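So, here come the structures, one by one.
Shared between the two complexes below is subunit A, which pairs with subunit B and subunit C, respectively.
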Partner chain A sequence: MTGKNKKGMEKMISIYWFAILALTAGAVVYMVLIFYGNPYDVKGLESDIMMNNVADCILENGHLKYELNNELKNGFLNICHINLETEEPEGQYYLEIEFFEKGFRISEGNPNLKNNSNKNSVFSGSKSFYSLDKNSNEVTVKMNVYINKVNKNAG
Partner chain B sequence: MRKRLRKKGQILVENVMFLVLNLIFLSILILFVYSKSGGDAILEEKYAKQIALIIDSAKPEMEIHLNMEDAFREADKNNFDKKNIVSVSGNTVTVKLRGEGGYSYEFFNNVAMENVYPIDTDNDKNADSYRIKITGYAK
Partner chain C sequence: MQDKFFNSRKAQTGTTTTWIVATLIIIVVLGISIAAVNFAFPGKKNASLVDKEKDFLATKSITSFLSKKENVDLLKSGDKEKIELKMKRILYDILGTFGKNPGAWNLELEKDGKKTDVDTYNVIAVDPISGSGIPAFETNLNSNEIKLKFWKECQGICG
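Here is the complex of A and B:
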(Lines of atoms letter the chains of each structure in order from A and count residues from 1; the text may use other names and numbers.)
(Lines give C-alpha, C1' and ligand atoms only; values in the text may rest on other atoms or scores of the structure.)
Protein backbone atom coordinates (compact mmCIF):
# COMPACT_ATOMS: atom_id res chain seq x y z
CA MET A 1 0.00 0.00 0.00
CA THR A 2 1.40 3.43 -0.93
CA GLY A 3 1.74 6.23 1.62
CA LYS A 4 -1.16 8.25 0.13
CA ASN A 5 -3.56 5.30 0.18
CA LYS A 6 -2.64 4.53 3.77
CA LYS A 7 -3.41 8.10 4.85
CA GLY A 8 -6.74 8.02 3.02
CA MET A 9 -7.61 4.70 4.65
CA GLU A 10 -6.77 6.09 8.11
CA LYS A 11 -9.09 9.07 7.49
CA MET A 12 -11.90 6.72 6.43
CA ILE A 13 -11.40 4.61 9.55
CA SER A 14 -11.48 7.69 11.80
CA ILE A 15 -14.79 8.82 10.22
CA TYR A 16 -16.26 5.35 10.81
CA TRP A 17 -14.90 5.37 14.32
CA PHE A 18 -16.54 8.71 15.01
CA ALA A 19 -19.82 7.38 13.59
CA ILE A 20 -19.60 4.29 15.83
CA LEU A 21 -18.93 6.47 18.89
CA ALA A 22 -21.88 8.73 18.06
CA LEU A 23 -24.11 5.71 17.50
CA THR A 24 -23.03 4.10 20.80
CA ALA A 25 -23.56 7.34 22.74
CA GLY A 26 -26.97 7.83 21.12
CA ALA A 27 -28.05 4.27 21.92
CA VAL A 28 -26.91 4.51 25.56
CA VAL A 29 -28.62 7.90 26.07
CA TYR A 30 -31.81 6.58 24.43
CA MET A 31 -31.89 3.41 26.56
CA VAL A 32 -31.17 5.29 29.80
CA LEU A 33 -33.87 7.86 29.07
CA ILE A 34 -36.38 5.12 28.19
CA PHE A 35 -35.51 3.13 31.34
CA TYR A 36 -35.33 5.95 33.89
CA GLY A 37 -37.78 8.31 32.14
CA ASN A 38 -40.74 6.03 32.84
CA PRO A 39 -41.91 5.47 36.39
CA TYR A 40 -41.36 2.09 38.05
CA ASP A 41 -44.36 -0.12 37.31
CA VAL A 42 -45.55 -1.78 40.53
CA LYS A 43 -49.15 -2.50 39.51
CA GLY A 44 -48.41 -6.22 39.10
CA LEU A 45 -46.93 -6.42 42.60
CA GLU A 46 -49.83 -4.44 44.07
CA SER A 47 -52.35 -6.72 42.41
CA ASP A 48 -50.58 -9.86 43.74
CA ILE A 49 -50.44 -8.44 47.27
CA MET A 50 -54.11 -7.46 47.15
CA MET A 51 -55.17 -10.95 46.02
CA ASN A 52 -53.04 -12.57 48.74
CA ASN A 53 -54.52 -10.25 51.37
CA VAL A 54 -58.06 -11.08 50.24
CA ALA A 55 -57.33 -14.82 50.22
CA ASP A 56 -55.86 -14.56 53.76
CA CYS A 57 -58.94 -12.62 54.82
CA ILE A 58 -61.67 -14.93 53.51
CA LEU A 59 -59.99 -18.28 54.20
CA GLU A 60 -58.88 -20.15 57.29
CA ASN A 61 -57.24 -23.56 56.87
CA GLY A 62 -58.79 -23.87 53.42
CA HIS A 63 -62.33 -23.19 54.69
CA LEU A 64 -64.35 -20.05 53.98
CA LYS A 65 -64.27 -17.92 57.13
CA TYR A 66 -67.53 -16.02 56.54
CA GLU A 67 -71.10 -16.80 55.52
CA LEU A 68 -71.68 -15.69 51.93
CA ASN A 69 -74.42 -13.12 52.56
CA ASN A 70 -75.20 -9.43 52.14
CA GLU A 71 -73.41 -8.57 55.38
CA LEU A 72 -70.15 -9.77 53.82
CA LYS A 73 -70.96 -8.13 50.50
CA ASN A 74 -71.72 -4.71 52.00
CA GLY A 75 -68.96 -4.65 54.59
CA PHE A 76 -66.26 -6.45 52.62
CA LEU A 77 -63.72 -3.60 52.59
CA ASN A 78 -64.07 -3.11 56.37
CA ILE A 79 -63.95 -6.83 57.11
CA CYS A 80 -60.80 -7.32 55.01
CA HIS A 81 -59.21 -3.98 56.00
CA ILE A 82 -58.90 -2.65 52.47
CA ASN A 83 -58.91 1.04 51.62
CA LEU A 84 -59.33 1.77 47.91
CA GLU A 85 -59.29 5.57 48.23
CA THR A 86 -56.73 7.43 46.12
CA GLU A 87 -55.71 11.03 45.42
CA GLU A 88 -57.54 10.89 42.08
CA PRO A 89 -61.31 11.43 42.36
CA GLU A 90 -62.21 8.47 40.15
CA GLY A 91 -61.29 5.10 41.70
CA GLN A 92 -58.05 3.54 40.61
CA TYR A 93 -58.89 -0.01 41.73
CA TYR A 94 -61.56 -2.54 40.95
CA LEU A 95 -61.75 -5.82 42.85
CA GLU A 96 -64.09 -8.65 41.95
CA ILE A 97 -64.46 -11.97 43.78
CA GLU A 98 -66.65 -14.78 42.47
CA PHE A 99 -67.70 -17.86 44.43
CA PHE A 100 -68.76 -20.07 41.52
CA GLU A 101 -70.74 -22.95 43.09
CA LYS A 102 -72.59 -20.51 45.35
CA GLY A 103 -73.43 -17.99 42.61
CA PHE A 104 -72.14 -15.25 44.90
CA ARG A 105 -70.10 -12.25 43.82
CA ILE A 106 -68.44 -9.34 45.61
CA SER A 107 -67.23 -6.29 43.70
CA GLU A 108 -65.61 -3.13 45.03
CA GLY A 109 -64.05 -0.03 43.47
CA ASN A 110 -64.47 1.55 40.07
CA PRO A 111 -66.28 -0.90 37.72
CA ASN A 112 -65.40 1.24 34.66
CA LEU A 113 -61.86 -0.14 34.84
CA LYS A 114 -63.12 -3.61 33.90
CA ASN A 115 -64.61 -2.47 30.61
CA ASN A 116 -61.89 0.06 29.85
CA SER A 117 -61.13 0.12 26.14
CA ASN A 118 -57.51 1.08 26.76
CA LYS A 119 -56.27 -2.35 27.78
CA ASN A 120 -52.64 -1.17 27.85
CA SER A 121 -53.13 1.29 30.69
CA VAL A 122 -55.27 -0.76 33.09
CA PHE A 123 -53.47 -3.67 34.69
CA SER A 124 -55.53 -6.77 35.32
CA GLY A 125 -54.50 -9.67 37.51
CA SER A 126 -56.43 -12.79 38.30
CA LYS A 127 -56.13 -15.76 40.63
CA SER A 128 -58.41 -18.70 41.35
CA PHE A 129 -58.32 -21.43 43.97
CA TYR A 130 -60.51 -24.10 45.58
CA SER A 131 -61.86 -23.83 49.09
CA LEU A 132 -64.41 -25.57 51.29
CA ASP A 133 -67.56 -24.12 52.87
CA LYS A 134 -68.78 -24.91 56.42
CA ASN A 135 -70.25 -28.23 55.19
CA SER A 136 -66.99 -29.14 53.41
CA ASN A 137 -68.49 -28.61 49.95
CA GLU A 138 -66.03 -27.47 47.32
CA VAL A 139 -66.21 -23.79 46.31
CA THR A 140 -64.17 -22.33 43.46
CA VAL A 141 -63.08 -18.78 44.17
CA LYS A 142 -61.87 -16.49 41.39
CA MET A 143 -60.43 -13.04 42.04
CA ASN A 144 -59.88 -10.30 39.45
CA VAL A 145 -58.03 -7.11 40.26
CA TYR A 146 -57.90 -4.10 37.92
CA ILE A 147 -55.51 -1.24 38.69
CA ASN A 148 -55.33 2.00 36.74
CA LYS A 149 -52.77 4.39 38.37
CA VAL A 150 -51.40 5.17 34.89
CA ASN A 151 -49.76 8.45 35.83
CA LYS A 152 -47.69 6.85 38.56
CA ASN A 153 -46.68 3.69 36.73
CA ALA A 154 -45.34 2.95 33.27
CA GLY A 155 -48.27 2.45 30.91
CA MET B 1 17.57 7.64 11.07
CA ARG B 2 16.38 10.79 12.87
CA LYS B 3 13.34 11.00 10.52
CA ARG B 4 12.32 7.41 11.31
CA LEU B 5 12.55 8.06 15.05
CA ARG B 6 10.27 11.15 14.77
CA LYS B 7 7.69 9.08 12.87
CA LYS B 8 7.60 6.42 15.62
CA GLY B 9 7.12 9.16 18.23
CA GLN B 10 4.21 10.53 16.26
CA ILE B 11 2.51 7.11 16.15
CA LEU B 12 2.82 6.82 19.94
CA VAL B 13 1.29 10.29 20.48
CA GLU B 14 -1.57 9.45 18.13
CA ASN B 15 -2.30 6.21 19.99
CA VAL B 16 -2.16 7.89 23.37
CA MET B 17 -4.51 10.66 22.17
CA PHE B 18 -6.85 8.02 20.76
CA LEU B 19 -6.91 6.13 24.07
CA VAL B 20 -7.39 9.32 26.10
CA LEU B 21 -10.29 10.45 23.92
CA ASN B 22 -11.89 7.00 24.21
CA LEU B 23 -11.52 7.11 27.99
CA ILE B 24 -13.06 10.60 28.13
CA PHE B 25 -15.96 9.39 25.98
CA LEU B 26 -16.58 6.35 28.20
CA SER B 27 -16.31 8.45 31.39
CA ILE B 28 -18.93 10.90 30.07
CA LEU B 29 -21.27 8.00 29.26
CA ILE B 30 -20.79 6.42 32.70
CA LEU B 31 -21.32 9.79 34.44
CA PHE B 32 -24.50 10.31 32.45
CA VAL B 33 -25.88 6.87 33.40
CA TYR B 34 -24.86 7.38 37.07
CA SER B 35 -26.49 10.82 37.25
CA LYS B 36 -29.71 9.51 35.73
CA SER B 37 -29.92 6.41 37.94
CA GLY B 38 -29.22 8.07 41.29
CA GLY B 39 -31.17 11.31 40.96
CA ASP B 40 -33.33 12.66 43.79
CA ALA B 41 -36.56 12.13 41.86
CA ILE B 42 -35.73 8.49 41.08
CA LEU B 43 -34.87 7.76 44.72
CA GLU B 44 -38.04 9.46 45.96
CA GLU B 45 -40.19 7.38 43.64
CA LYS B 46 -38.34 4.16 44.42
CA TYR B 47 -38.68 4.52 48.19
CA ALA B 48 -42.29 5.81 48.13
CA LYS B 49 -43.39 2.77 46.13
CA GLN B 50 -41.24 0.37 48.15
CA ILE B 51 -42.67 1.62 51.46
CA ALA B 52 -46.25 1.51 50.10
CA LEU B 53 -45.76 -2.11 48.98
CA ILE B 54 -44.19 -3.03 52.34
CA ILE B 55 -47.17 -1.56 54.19
CA ASP B 56 -49.57 -3.35 51.82
CA SER B 57 -48.10 -6.72 52.72
CA ALA B 58 -47.56 -5.98 56.42
CA LYS B 59 -49.58 -7.49 59.27
CA PRO B 60 -50.40 -5.91 62.65
CA GLU B 61 -47.53 -5.79 65.20
CA MET B 62 -44.88 -5.94 62.49
CA GLU B 63 -41.90 -3.61 62.79
CA ILE B 64 -39.99 -2.94 59.58
CA HIS B 65 -36.53 -1.37 59.30
CA LEU B 66 -35.89 -0.20 55.76
CA ASN B 67 -32.29 0.67 54.83
CA MET B 68 -32.24 4.06 53.09
CA GLU B 69 -28.56 5.05 53.23
CA ASP B 70 -28.46 6.36 49.64
CA ALA B 71 -31.54 8.52 50.28
CA PHE B 72 -29.99 9.89 53.50
CA ARG B 73 -26.80 10.79 51.59
CA GLU B 74 -28.83 12.71 49.00
CA ALA B 75 -30.82 14.49 51.74
CA ASP B 76 -27.54 15.51 53.43
CA LYS B 77 -26.28 16.93 50.14
CA ASN B 78 -29.48 18.99 49.86
CA ASN B 79 -29.34 20.04 53.56
CA PHE B 80 -32.72 18.38 54.08
CA ASP B 81 -33.66 17.08 57.55
CA LYS B 82 -33.60 13.25 57.68
CA LYS B 83 -36.60 13.23 60.00
CA ASN B 84 -38.77 14.70 57.23
CA ILE B 85 -37.80 12.30 54.45
CA VAL B 86 -40.70 9.87 54.91
CA SER B 87 -44.17 10.90 56.02
CA VAL B 88 -47.43 8.96 56.09
CA SER B 89 -50.76 10.74 55.92
CA GLY B 90 -53.94 8.68 55.69
CA ASN B 91 -53.13 5.95 53.18
CA THR B 92 -50.46 7.97 51.34
CA VAL B 93 -46.68 7.67 51.73
CA THR B 94 -44.62 10.70 50.75
CA VAL B 95 -40.84 10.65 50.31
CA LYS B 96 -38.96 13.96 50.04
CA LEU B 97 -35.21 14.44 49.65
CA ARG B 98 -35.20 18.19 48.98
CA GLY B 99 -37.16 21.32 49.84
CA GLU B 100 -39.29 21.16 46.73
CA GLY B 101 -40.79 18.16 45.00
CA GLY B 102 -41.34 14.79 46.65
CA TYR B 103 -43.21 11.68 45.56
CA SER B 104 -46.41 10.21 46.98
CA TYR B 105 -47.94 6.76 46.54
CA GLU B 106 -51.04 5.21 48.13
CA PHE B 107 -51.31 1.87 49.90
CA PHE B 108 -54.57 -0.08 50.19
CA ASN B 109 -53.91 -2.06 53.39
CA ASN B 110 -56.00 -0.21 55.97
CA VAL B 111 -53.52 -0.33 58.86
CA ALA B 112 -52.72 2.01 61.73
CA MET B 113 -49.08 2.75 62.44
CA GLU B 114 -46.81 4.70 64.74
CA ASN B 115 -45.05 7.78 63.39
CA VAL B 116 -42.21 6.71 61.10
CA TYR B 117 -38.74 7.96 61.99
CA PRO B 118 -35.06 7.35 61.09
CA ILE B 119 -32.99 4.96 63.21
CA ASP B 120 -29.38 3.84 63.45
CA THR B 121 -29.25 0.07 62.97
CA ASP B 122 -25.47 -0.43 62.78
CA ASN B 123 -24.61 1.73 65.84
CA ASP B 124 -22.31 4.16 64.03
CA LYS B 125 -24.28 7.14 65.38
CA ASN B 126 -25.63 7.90 61.91
CA ALA B 127 -29.22 7.10 60.95
CA ASP B 128 -29.27 4.60 58.08
CA SER B 129 -32.80 3.17 58.11
CA TYR B 130 -36.41 4.14 58.64
CA ARG B 131 -38.61 2.41 61.21
CA ILE B 132 -42.17 1.54 60.23
CA LYS B 133 -44.26 0.04 63.03
CA ILE B 134 -47.72 -1.36 62.28
CA THR B 135 -49.86 -1.21 65.42
CA GLY B 136 -53.07 -2.74 64.11
CA TYR B 137 -55.88 -2.15 61.66
CA ALA B 138 -57.36 1.34 61.23
CA LYS B 139 -60.98 1.75 62.28
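Here is the complex of A and C:
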Protein backbone atom coordinates (compact mmCIF):
# COMPACT_ATOMS: atom_id res chain seq x y z
CA MET A 1 0.00 0.00 0.00
CA THR A 2 2.77 2.42 1.01
CA GLY A 3 4.86 1.49 -2.04
CA LYS A 4 1.95 2.22 -4.39
CA ASN A 5 1.42 5.64 -2.73
CA LYS A 6 5.08 6.47 -3.14
CA LYS A 7 4.96 5.60 -6.85
CA GLY A 8 1.85 7.78 -7.28
CA MET A 9 3.55 10.65 -5.49
CA GLU A 10 6.63 10.38 -7.74
CA LYS A 11 4.40 10.45 -10.82
CA MET A 12 2.62 13.55 -9.51
CA ILE A 13 5.94 15.28 -8.87
CA SER A 14 7.16 14.39 -12.38
CA ILE A 15 4.04 15.91 -13.93
CA TYR A 16 4.47 18.97 -11.74
CA TRP A 17 8.11 19.37 -12.80
CA PHE A 18 7.18 19.10 -16.46
CA ALA A 19 4.46 21.70 -15.96
CA ILE A 20 6.92 24.10 -14.30
CA LEU A 21 9.51 23.42 -17.00
CA ALA A 22 6.92 24.15 -19.73
CA LEU A 23 5.83 27.31 -17.91
CA THR A 24 9.39 28.59 -17.55
CA ALA A 25 10.31 27.71 -21.14
CA GLY A 26 7.11 29.38 -22.39
CA ALA A 27 7.90 32.55 -20.44
CA VAL A 28 11.48 32.67 -21.75
CA VAL A 29 10.28 32.15 -25.34
CA TYR A 30 7.67 34.89 -24.87
CA MET A 31 10.30 37.32 -23.54
CA VAL A 32 12.68 36.54 -26.41
CA LEU A 33 9.82 37.10 -28.87
CA ILE A 34 9.04 40.48 -27.29
CA PHE A 35 12.68 41.50 -27.74
CA TYR A 36 13.40 40.10 -31.19
CA GLY A 37 9.87 39.96 -32.58
CA ASN A 38 9.59 43.69 -33.21
CA PRO A 39 11.35 44.84 -36.36
CA TYR A 40 13.85 47.67 -36.38
CA ASP A 41 12.54 50.97 -37.69
CA VAL A 42 15.32 52.48 -39.76
CA LYS A 43 13.29 55.27 -41.36
CA GLY A 44 14.69 57.87 -38.95
CA LEU A 45 18.19 56.67 -39.72
CA GLU A 46 17.55 56.80 -43.48
CA SER A 47 16.18 60.31 -43.12
CA ASP A 48 19.25 61.48 -41.13
CA ILE A 49 21.66 59.94 -43.64
CA MET A 50 19.82 61.51 -46.55
CA MET A 51 19.80 64.96 -44.94
CA ASN A 52 23.49 64.70 -44.04
CA ASN A 53 24.30 63.71 -47.63
CA VAL A 54 22.29 66.62 -49.00
CA ALA A 55 24.09 69.07 -46.70
CA ASP A 56 27.45 67.57 -47.59
CA CYS A 57 26.64 67.85 -51.29
CA ILE A 58 25.43 71.42 -51.42
CA LEU A 59 27.93 72.93 -48.98
CA GLU A 60 31.61 73.47 -49.54
CA ASN A 61 33.79 75.37 -47.11
CA GLY A 62 30.72 76.88 -45.50
CA HIS A 63 29.31 78.22 -48.77
CA LEU A 64 26.68 76.89 -51.14
CA LYS A 65 28.51 74.95 -53.82
CA TYR A 66 26.01 75.45 -56.67
CA GLU A 67 24.06 78.31 -58.17
CA LEU A 68 20.41 78.13 -57.21
CA ASN A 69 18.91 77.73 -60.66
CA ASN A 70 16.83 75.34 -62.76
CA GLU A 71 19.86 73.28 -63.63
CA LEU A 72 20.28 72.38 -59.98
CA LYS A 73 16.54 71.93 -59.53
CA ASN A 74 16.19 69.50 -62.43
CA GLY A 75 19.37 67.55 -61.95
CA PHE A 76 19.67 67.58 -58.18
CA LEU A 77 19.62 63.80 -57.71
CA ASN A 78 22.33 63.28 -60.32
CA ILE A 79 24.47 66.11 -59.04
CA CYS A 80 24.32 64.84 -55.45
CA HIS A 81 24.38 61.14 -56.40
CA ILE A 82 21.18 60.39 -54.53
CA ASN A 83 19.06 57.48 -55.68
CA LEU A 84 15.44 57.48 -54.53
CA GLU A 85 14.41 54.45 -56.60
CA THR A 86 12.99 51.42 -54.81
CA GLU A 87 11.61 48.00 -55.77
CA GLU A 88 8.08 49.33 -55.41
CA PRO A 89 6.69 51.11 -58.50
CA GLU A 90 5.40 54.11 -56.55
CA GLY A 91 8.12 56.23 -54.95
CA GLN A 92 8.81 55.57 -51.30
CA TYR A 93 10.72 58.78 -50.64
CA TYR A 94 10.03 62.47 -50.91
CA LEU A 95 12.75 65.05 -50.38
CA GLU A 96 12.14 68.77 -50.15
CA ILE A 97 14.87 71.39 -49.73
CA GLU A 98 13.98 75.01 -49.06
CA PHE A 99 16.46 77.87 -49.30
CA PHE A 100 14.56 80.42 -47.24
CA GLU A 101 16.26 83.74 -47.95
CA LYS A 102 16.42 82.89 -51.68
CA GLY A 103 12.83 81.69 -52.11
CA PHE A 104 14.20 78.63 -53.88
CA ARG A 105 12.91 75.10 -53.47
CA ILE A 106 13.96 71.69 -54.72
CA SER A 107 11.64 68.71 -54.43
CA GLU A 108 12.30 65.15 -55.52
CA GLY A 109 10.48 61.84 -55.17
CA ASN A 110 6.83 61.03 -54.59
CA PRO A 111 4.97 64.22 -53.55
CA ASN A 112 1.90 62.20 -52.50
CA LEU A 113 3.75 61.15 -49.36
CA LYS A 114 3.69 64.73 -48.09
CA ASN A 115 -0.08 64.97 -48.24
CA ASN A 116 -0.72 61.38 -47.17
CA SER A 117 -3.83 61.12 -45.01
CA ASN A 118 -2.36 58.18 -43.10
CA LYS A 119 0.14 60.19 -41.07
CA ASN A 120 1.10 57.21 -38.91
CA SER A 121 2.53 55.15 -41.73
CA VAL A 122 4.63 57.84 -43.42
CA PHE A 123 7.73 58.96 -41.56
CA SER A 124 8.60 62.62 -41.76
CA GLY A 125 11.85 64.22 -40.66
CA SER A 126 12.92 67.82 -40.82
CA LYS A 127 16.23 69.59 -40.16
CA SER A 128 17.76 72.94 -40.95
CA PHE A 129 21.23 74.35 -41.20
CA TYR A 130 22.97 77.68 -41.63
CA SER A 131 24.89 78.42 -44.81
CA LEU A 132 26.28 81.23 -46.94
CA ASP A 133 25.84 81.89 -50.64
CA LYS A 134 28.70 82.84 -52.99
CA ASN A 135 28.42 86.47 -51.83
CA SER A 136 28.50 85.44 -48.15
CA ASN A 137 24.83 86.24 -47.61
CA GLU A 138 23.16 84.09 -44.98
CA VAL A 139 20.92 81.31 -46.26
CA THR A 140 18.89 79.04 -44.01
CA VAL A 141 18.37 75.65 -45.62
CA LYS A 142 15.54 73.47 -44.43
CA MET A 143 15.22 69.84 -45.48
CA ASN A 144 12.07 67.77 -45.19
CA VAL A 145 12.19 64.02 -45.79
CA TYR A 146 9.15 61.74 -46.07
CA ILE A 147 9.61 57.98 -46.14
CA ASN A 148 6.88 55.42 -46.68
CA LYS A 149 8.37 51.89 -46.90
CA VAL A 150 5.73 50.56 -44.51
CA ASN A 151 6.18 46.95 -45.61
CA LYS A 152 9.91 46.97 -44.98
CA ASN A 153 9.88 48.87 -41.71
CA ALA A 154 7.83 48.84 -38.56
CA GLY A 155 4.66 50.75 -39.26
CA MET B 1 -2.11 4.37 15.73
CA GLN B 2 -4.47 7.32 15.57
CA ASP B 3 -1.58 9.73 16.32
CA LYS B 4 0.45 8.23 13.47
CA PHE B 5 -2.46 8.86 11.08
CA PHE B 6 -2.77 12.52 12.07
CA ASN B 7 1.02 13.11 11.91
CA SER B 8 1.09 11.67 8.41
CA ARG B 9 -1.72 14.04 7.27
CA LYS B 10 0.09 17.02 8.80
CA ALA B 11 3.22 16.12 6.87
CA GLN B 12 1.23 15.85 3.62
CA THR B 13 -0.38 19.26 4.18
CA GLY B 14 3.04 20.80 4.81
CA THR B 15 4.50 19.32 1.64
CA THR B 16 1.53 20.48 -0.46
CA THR B 17 1.79 24.02 0.94
CA THR B 18 5.50 24.06 0.07
CA TRP B 19 4.76 23.05 -3.54
CA ILE B 20 1.97 25.61 -3.91
CA VAL B 21 4.14 28.40 -2.49
CA ALA B 22 7.06 27.34 -4.74
CA THR B 23 4.76 27.37 -7.78
CA LEU B 24 3.42 30.79 -6.88
CA ILE B 25 6.96 32.15 -6.44
CA ILE B 26 7.96 30.80 -9.87
CA ILE B 27 4.85 32.35 -11.47
CA VAL B 28 5.45 35.70 -9.75
CA VAL B 29 9.13 35.78 -10.78
CA LEU B 30 8.25 34.94 -14.38
CA GLY B 31 5.43 37.50 -14.35
CA ILE B 32 7.79 40.23 -13.14
CA SER B 33 10.34 39.27 -15.81
CA ILE B 34 7.71 39.41 -18.58
CA ALA B 35 6.36 42.73 -17.29
CA ALA B 36 9.91 44.15 -17.16
CA VAL B 37 10.65 43.03 -20.73
CA ASN B 38 7.32 44.50 -21.87
CA PHE B 39 8.13 47.77 -20.12
CA ALA B 40 11.67 47.96 -21.50
CA PHE B 41 10.72 47.09 -25.09
CA PRO B 42 7.17 48.37 -25.54
CA GLY B 43 7.00 48.47 -29.33
CA LYS B 44 9.10 48.92 -32.42
CA LYS B 45 12.82 49.34 -31.99
CA ASN B 46 14.38 52.46 -33.38
CA ALA B 47 17.75 52.31 -35.03
CA SER B 48 19.93 55.37 -34.84
CA LEU B 49 23.39 56.57 -35.73
CA VAL B 50 26.04 55.21 -33.37
CA ASP B 51 27.21 58.58 -32.14
CA LYS B 52 24.34 61.03 -31.85
CA GLU B 53 26.49 63.57 -30.09
CA LYS B 54 28.39 64.43 -33.24
CA ASP B 55 25.89 66.58 -35.07
CA PHE B 56 26.94 66.84 -38.69
CA LEU B 57 24.54 69.67 -39.57
CA ALA B 58 25.56 71.67 -36.50
CA THR B 59 29.20 71.35 -37.49
CA LYS B 60 28.36 72.44 -41.04
CA SER B 61 26.40 75.40 -39.67
CA ILE B 62 29.14 76.60 -37.35
CA THR B 63 31.69 76.19 -40.17
CA SER B 64 29.49 78.36 -42.41
CA PHE B 65 29.07 80.84 -39.59
CA LEU B 66 32.83 81.16 -39.20
CA SER B 67 33.33 81.47 -42.97
CA LYS B 68 31.81 84.93 -42.88
CA LYS B 69 34.23 87.72 -42.05
CA GLU B 70 31.58 89.77 -40.21
CA ASN B 71 30.86 86.86 -37.91
CA VAL B 72 34.54 86.32 -37.12
CA ASP B 73 34.92 90.05 -36.48
CA LEU B 74 31.94 89.88 -34.16
CA LEU B 75 33.56 87.06 -32.20
CA LYS B 76 36.83 88.96 -32.07
CA SER B 77 35.05 92.02 -30.73
CA GLY B 78 34.00 89.99 -27.68
CA ASP B 79 30.59 91.72 -27.62
CA LYS B 80 28.82 89.09 -25.58
CA GLU B 81 25.28 90.32 -26.21
CA LYS B 82 25.63 90.51 -29.98
CA ILE B 83 27.36 87.11 -30.15
CA GLU B 84 24.62 85.58 -28.02
CA LEU B 85 21.94 87.03 -30.26
CA LYS B 86 23.62 85.69 -33.37
CA MET B 87 24.34 82.27 -31.91
CA LYS B 88 20.85 81.95 -30.53
CA ARG B 89 19.48 82.32 -34.04
CA ILE B 90 21.64 79.44 -35.23
CA LEU B 91 21.20 77.20 -32.22
CA TYR B 92 17.54 77.82 -31.49
CA ASP B 93 15.91 78.84 -34.75
CA ILE B 94 17.95 77.00 -37.34
CA LEU B 95 19.23 73.91 -35.58
CA GLY B 96 16.16 73.74 -33.36
CA THR B 97 18.07 72.78 -30.23
CA PHE B 98 15.80 74.56 -27.81
CA GLY B 99 13.21 72.41 -26.07
CA LYS B 100 13.82 69.46 -28.35
CA ASN B 101 17.02 67.67 -27.50
CA PRO B 102 18.09 66.48 -24.09
CA GLY B 103 21.57 67.79 -24.81
CA ALA B 104 22.47 71.39 -25.19
CA TRP B 105 24.87 73.52 -27.15
CA ASN B 106 27.43 75.62 -25.34
CA LEU B 107 29.71 78.32 -26.53
CA GLU B 108 32.81 79.63 -24.85
CA LEU B 109 35.03 82.36 -26.19
CA GLU B 110 38.65 82.77 -25.23
CA LYS B 111 40.40 86.01 -26.14
CA ASP B 112 43.93 86.90 -25.05
CA GLY B 113 43.88 84.04 -22.58
CA LYS B 114 40.66 85.35 -20.99
CA LYS B 115 37.65 83.08 -21.13
CA THR B 116 34.12 84.34 -21.61
CA ASP B 117 31.12 82.07 -21.31
CA VAL B 118 28.91 83.34 -24.08
CA ASP B 119 25.91 81.36 -23.03
CA THR B 120 24.79 78.04 -21.71
CA TYR B 121 21.87 76.78 -23.68
CA ASN B 122 19.36 74.68 -21.81
CA VAL B 123 21.85 72.39 -20.08
CA ILE B 124 20.17 69.24 -18.94
CA ALA B 125 22.87 66.61 -18.90
CA VAL B 126 24.77 66.85 -15.65
CA ASP B 127 27.39 64.54 -14.21
CA PRO B 128 25.63 62.76 -11.33
CA ILE B 129 28.81 62.60 -9.26
CA SER B 130 30.49 65.97 -9.75
CA GLY B 131 27.35 67.90 -10.70
CA SER B 132 29.07 69.56 -13.64
CA GLY B 133 28.03 69.45 -17.28
CA ILE B 134 29.63 66.82 -19.46
CA PRO B 135 31.05 68.03 -22.76
CA ALA B 136 30.24 65.31 -25.25
CA PHE B 137 30.62 67.11 -28.53
CA GLU B 138 33.31 69.68 -28.80
CA THR B 139 34.72 71.82 -31.60
CA ASN B 140 37.73 73.95 -30.90
CA LEU B 141 38.62 76.63 -33.41
CA ASN B 142 41.77 78.64 -33.09
CA SER B 143 42.79 81.86 -34.76
CA ASN B 144 45.68 84.12 -33.83
CA GLU B 145 43.71 85.95 -31.21
CA ILE B 146 40.63 84.01 -30.22
CA LYS B 147 39.61 80.51 -29.40
CA LEU B 148 36.02 79.44 -29.83
CA LYS B 149 34.84 76.39 -28.02
CA PHE B 150 31.60 74.89 -29.24
CA TRP B 151 30.26 71.66 -27.83
CA LYS B 152 27.18 69.74 -27.01
CA GLU B 153 26.41 68.32 -23.61
CA CYS B 154 24.53 65.09 -23.33
CA GLN B 155 24.85 61.64 -21.85
CA GLY B 156 24.32 59.35 -24.79
CA ILE B 157 20.70 60.42 -25.18
CA CYS B 158 21.11 63.31 -27.59
CA GLY B 159 18.27 63.47 -30.04
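To be clear about the criterion, the second predicted complex is superposed on the first by the 117 of 155 C-alpha atoms of A that agree within 3 Å, B and C clash if a C-alpha of one lies under 4 Å from a C-alpha of the other, contacts with A are read in each partner's own complex, and residues count from 1 in each chain.
One rule holds in what follows: contacts are C-beta pairs under 8 Å (C-beta built on N, C-alpha and C of every residue); 3 or more make two chains touch, one makes a residue touch a chain.
Predicted model only: the values in this text are computed from it and were never measured.
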| item | value |
| --- | --- |
| Which superposed partner A:T86 touches (first subunit B, second subunit C, both, neither) | first |
| Partner chain in contact with A:T140 - subunit B first, subunit C second, else both or neither | second |
| Partner chain in contact with A:G75 - subunit B first, subunit C second, else both or neither | neither |
| Comparison of subunit B and subunit C by subunit A residues contacted | C |
| Which of subunit B and subunit C A:G62 touches, first, second, both or neither | second |
| Partner chain(s) touched by A:A25 [first = subunit B, second = subunit C, both, neither] | first |
| Partner chain in contact with A:Y40 - subunit B first, subunit C second, else both or neither | both |
| Partner chain(s) touched by A:P111 [first = subunit B, second = subunit C, both, neither] | neither |
| On subunit A, the residue positions that both subunit B and subunit C contact, one per complex | 24, 39-40, 42, 45, 49, 52 |
| Residue ranges of subunit C touching subunit A (in the complex, touch as defined) | 19, 23, 26-27, 30, 33-34, 37-38, 41, 43-49, 56-58, 60-70, 90, 93-96 |
| Touch list for subunit B against partner subunit A, complex | 25, 29, 32-33, 36-37, 39, 42, 45-46, 49, 52-53, 56-57, 90-92, 104-111, 137-138 |
| Complex interface listing, subunit A residues touching subunit C | 16, 20, 23-24, 27, 30-31, 34-35, 38-42, 44-45, 48-49, 51-52, 55-56, 59, 61-63, 127-132, 136, 138, 140, 154-155 |
| Subunit B-touching residues of subunit A, taken from the complex the two chains share | 21, 24-25, 28-29, 32-33, 36, 39-40, 42, 45-46, 49-50, 52-53, 77, 81-87, 92-93, 152 |
